[in-house]
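Next up, some structures in structure tokens.
Heads up, the next two complexes both have chain A, just with different partners, chain B and then chain C.
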Partner chain A sequence: MTSLLDIQNLKLNFKTVQGQVEVLHGIDININAGEKVALVGESGSGKSVTARIILGLLQELRQARISGEVYFDGRDINTMKPKDCAKLRGTAMSMIFQDPTSSLNPVITIGQQFTEVLRRRNNKLAQAICDEQATRMLNDVAIPDAQRVLNAYPFQLSGGMNQRVMIAMALANRPKLLLADEPGTALDVSVQAQTLTLMRELVNDYQTAVLLISHNLGVVREFADRVYVIYQGRIVEDGPTSALFANPKHAYTQALMNAVPRIVGTGLAKVPEVSDAFLAPRITHSDVT
Partner chain B sequence: MSAVIRLLLRRLGISVIVLIGVSMLIFAIARVIPGDPARIALGPNAKAEQIASLRAQMHLDESLPVQYGHFLADLSRGDLGISLYTNRPVTKDIAQFLPATLELVFCAGIIMIMLGLPLGILAARYRGRWPDHLIRVLSLVTVSAPGFVWAVILMLLFAFYLPLFPIAGRLNDSFDIARVTGFLTIDTLLAGDFAAFTDALHHLVLPAIALSLSGIGQAARLTRANMVETYNKPYIEMAQAYGFFPSRIARIYAFKPSLIPSLTIIGLDFAAMLGNAFLVEAVFAWPGLSRYGVAVILRKDLNAIMGTVLIIAITFLIVNIIVDLLIAFLNPRIRHSARGSA
Partner chain C sequence: MSLLSLKHVSKTFFTSSGNVAAVSDVSLDVKEGECLAIVGESGSGKTTLANMILGILQSSKGHIHFNNQPLSSKRTAEQRRAIQLVQQNPMSALNPKRSVGASVRLGLDTYQIGQKSERWQLVEDALEAVGLDPNLRKRAPAALSGGQRQRVGIARALACTPRLLVLDEPTSALDVLVQARVLRLLNTLREQHNLTYIFITHDLAVVRNVADRVAVFQSGQLLELATTSDIFSKPQSTYTRQLIGAVPVVDAAELALRNKLAKIAS
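Let's look at the complex of A and B:
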């Protein structure tokens, strides 16, 4: 299998008043076509900035210094012109955000926003065809009364409904890669589980590769084929989901797994002091445990 | 749409209450100011019985509440009384002078919206970069001087040193235009006299710009501030993540939600132009309501003062109602508040 996304030695610096702050210290991530990969880590570990670099959004920020290679479909996003990169967004790759209700524009109907997304692929698409495609996509995410939803504003729909709309929009143009940044974290747990199941079925059907960004190990275990654990801007451990969950080797991964609440939970285990020795050994699991 | 109609009815009801309040206030204030209107109107040589008879005719020797009652009774018949200054019905005076002022304010308001909003959008779209800095400095400059100062500056620059525009007035005397609406730009077109129309527009340019300049700055600053806030919202990031064009994001996805909070203030600015117009009109010798208003206040022409203030209050209220309706139209939360949510 050829890899769809190949990130090599990606570094990110932010220029601040105090000077340079390095946020990513050279990470490598690899996603094959149709593969579901998770990037797990705590807040501030660099998960979300990674997604925004893949989209080419962070490159437009003047304070950001980015080095390394981000090959998407064989082309390096870091050296691409902003215009060419924008052409990929919404067509070859798309994204789902944390809070569906606040990620949809409050004063524009779902239908108009959907049309705009569909016209990213073909801007001469007739309104009737857009409506028809949107209706079909909404039916796919288990929204039967699509017409009502298309005429509605986000505030008129429930969070779970908006999340399905987001999923439908994200997959409408059949992207090769879907970035899901903590999808549905703002929703309640059961609705989140429902929409994730829905999303998994759809990406399997469409053969869409997914980079799922999450801090929720339960979600990751359910969803991903492969997992990368990111800690303080470094990938510390990676491997197939089952292997990694069966035998977490890095101290941080172990701590993360122990932090999952259980009936007899003991709270967050102590992670040893950060040192180069702690961060340096990247552990890669093979398929056999 | 029923929610909008209910909103309209409620606003109209409130407006009536406001108008009654304003009329009472002005009625009392105008009569508390020292000076006998009858004596002023009749001049220094008037005899005591003449003054007494005029006072009786104007109900000035009765108590304030009774006087107010007479005023309301006349008002209900559409009668605002006779102006002591012009010796004509106040309604006729207002009908003569108001259109010139409204024409000026209307043009200034259109200039304010047509320039202020796009400049604000532009600044927000390029926030932190040079177009933003330039627009912010310019709007700060325009905001920092009132309309009549700009009137004098513009008149000096573009009518005196560089005689590009006429220095004063509404229309060249050589034109004789039949009065239909009182709006010269419309009347000249109705008369089919294109040269007169151009001349009327030409006269309108400087006063309208002078009146609108601070409003342009205000609208631009407000739009920019609200839009910069909107740009930090998740739905803008979503629009960017889907590769929507930056200019389209600015014009629609960021501007539309930002317009709602801006609109209230812009509406107030628009209405406030009516007051500012008094001074701009004075500078450009614009034959509008201001000259009349100042003259009648100085002469304590009670009926004319009431009429002028009421007409300004009504304009204010109408603008506010229009703004409220616009906001209801733009904000789906208000427009759909009657329907149940899903």
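Let's look at the complex of A and C:
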């Protein structure tokens, strides 16, 4: 079976004021249709840039040098024309960005932005139908006063409302691949649970594949079939969620698991020294658990 | 002694599609040296309340006192330095055209903190304290990761040596190891300088481990306010119980405990 997304030996360099920095050191990730996969790891380790490469966005940045293969639906995003790649965004793949308030357009109302998104898939869609669909999708993400939200600009909404707007837009066109970068950070836990259910429905009904980027290991455990752990631009451990949580093997994954704050109130975790063991080779759990 | 006191504070926004009562008649006191967590529904007015405490927004009704002085719309430089905010959205909090080091430095210059010659050193110290490589100071905010930007926001606020720090979702973009490091730093500063925190977050496990008291908000109103151990052992409102019951956890032991907490008093 071929994967929907197949990333091979992906490397990324940035040119900065202080010279070249290598951010991704050759990572491999694959996701099948209908699969829910999580990418977790250190802040600054390369999760969001990976998502932006999959979308073909980082390729347009002059300071970025990218090598390796990123096959989406059989075609390599890295060698695709920017124009062709742009056609995939918002239709075959969509993304919930990490910083919702600054990722939405500040000078256009939410309603207009929604219409734009829906018309990417069908440019003849009547305004009334766009509004009706947008209202329904906003209700789905627990926004009852959809009319006010559609008339609002992002600055008039709370952080979590913008995040829900972004989620609703990303789900609207039923993409083949949904990239969800920290989708629940501004949501209370009950709304967060509701949005995860929506994503699950999309997976079940349309075989959408999801790449979930999250620091919330509880959410990852509840949502993902499989997990990749990334540390400093390298995948250090991967495997089925249950196996990885039951028996984390890599030193970095173990340190991460030990630092999860507990609702029991056992105090803040001790922060271990950064150890050479964090850079040990990748460990892959076999598929049988 | 209470450092910050809110009396019947309300905020209504007037928009083309009607009035939004974002904060309704909130009264509460924050004691010097305490960590008060604010949790609650998304859209329940937490950020709006923070913005009123900071003077970014004017309240529609009510009074706010800091250190026994009323906070008017015109604040003294000392009042502005003493109350700092870590914003929920770090990207819009930082000037995109300025290097992040310059953004941190700006506060030091504005409030004349330290000798001029030592301020770059203070900037680097502040970045290192939150686990950032000081070399990152030359970068624009767009060339950082989400969690790196968030830590710049924390470093910037701390560098101004505030007495009251309002933190709006300050660790939502941090992995749990870096988060533990930042929370430990905040604890240490509190012990050393008697700093006071208002900690707005959706992460109840963090609340459990850092806060002295918890205020629960719903629809612009203060629903429940109690010590952290009381909130978790005998939550009074259905909503609070619901929140506790929906916390995602990492193992079966936690799950059992969470479900027990959520059921108590129901």
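Keep in mind that, in the parts below, the second predicted complex is superposed on the first by the 214 of 289 C-alpha atoms of A that agree within 3 Å, B and C clash if a C-alpha of one lies under 4 Å from a C-alpha of the other, contacts with A are read in each partner's own complex, and residues count from 1 in each chain.
Heads up, the rule we're going with is that a contact is a pair of C-beta atoms (placed from the backbone, for glycine too) under 8 Å apart; a residue touches a chain by one contact, two chains touch by 3 or more.
These figures come from a predicted structure and were not determined experimentally.
Student: Contact-wise, after the overlay, does A:R120 reach chain B, chain C, both or neither (first, second, both, neither)?
Tutor: After superposition on chain A, A:R120 lies in contact with chain B alone.
Student: Which partner chains sit in contact with A:D99 here, chain B, chain C, both or neither? Use first/second/both/neither.
Tutor: Both chain B and chain C are touched by A:D99.
Student: If you tally the residues of chain A touched by each partner, is the higher count for chain B or for chain C?
Tutor: C
Student: Between chain B and chain C, whom does A:A152 touch in the aligned arrangement: first, second, both, or neither?
Tutor: Touch partners of A:A152: chain B and chain C.
Student: When the two structures are overlaid on chain A, which partner does A:L55 contact: first (chain B), second (chain C), both, or neither?
Tutor: first
Student: Quick one: classify A:L10 as touching chain B (first), chain C (second), both or neither.
Tutor: neither
Student: Of the partners chain B and chain C, which touch A:K87 in the superposed model: first, second, both, neither?
Tutor: So A:K87 only meets chain B here.
Student: Which partner chains sit in contact with A:I108 here, chain B, chain C, both or neither? Use first/second/both/neither.
Tutor: Touch status of A:I108: first partner only.
Student: Please indicate which partner A:L217 is in contact with in the superposed arrangement: first for chain B, second for chain C, both, or neither.
Tutor: The answer is second: A:L217 touches chain C but not chain B.
Student: Looking at A:L202, would you say it contacts chain B, chain C, both, or neither? Reply first, second, both or neither.
Tutor: neither
Student: Per the definitions at the top, what is the overlap between the chain A residues touching chain B and those touching chain C?
Tutor: Of chain A, residues 98-99, 102, 148, 152, 156-158, 161 contact chain B in one complex and chain C in the other.
Student: Across the complex, what residues on chain A touch chain B?
Tutor: Interface residues on chain A, with respect to chain B: 55, 57, 86-91, 94-95, 97-99, 102-109, 116-117, 120, 148-149, 152-153, 155-158, 161, 169, 179.
Student: So in the complex, which bits of chain A are touching chain C?
Tutor: 14, 16-18, 40-44, 47-49, 98-102, 147-148, 151-152, 156-161, 163-164, 181-182, 185-193, 215-219, 221-222, 245, 255-257, 259-272
Student: Under the stated contact criterion, what part of chain C meets chain A in this complex?
Tutor: Those residues of chain C that touch chain A are 13, 15-18, 20, 39-43, 46-47, 88-92, 135, 138-139, 143-148, 151, 169, 172-181, 183-184, 187, 202-206, 208-210, 228-229, 232, 242-244, 246-251, 254, 257-258, 261.
Student: Quick one: which bits of chain B touch chain A in the complex? Just the residue numbers, please.
Tutor: On the chain B side, the touching residues are 233-235, 237-245, 252-253, 256-257, 260, 330-333, 336, 339, 341-342.
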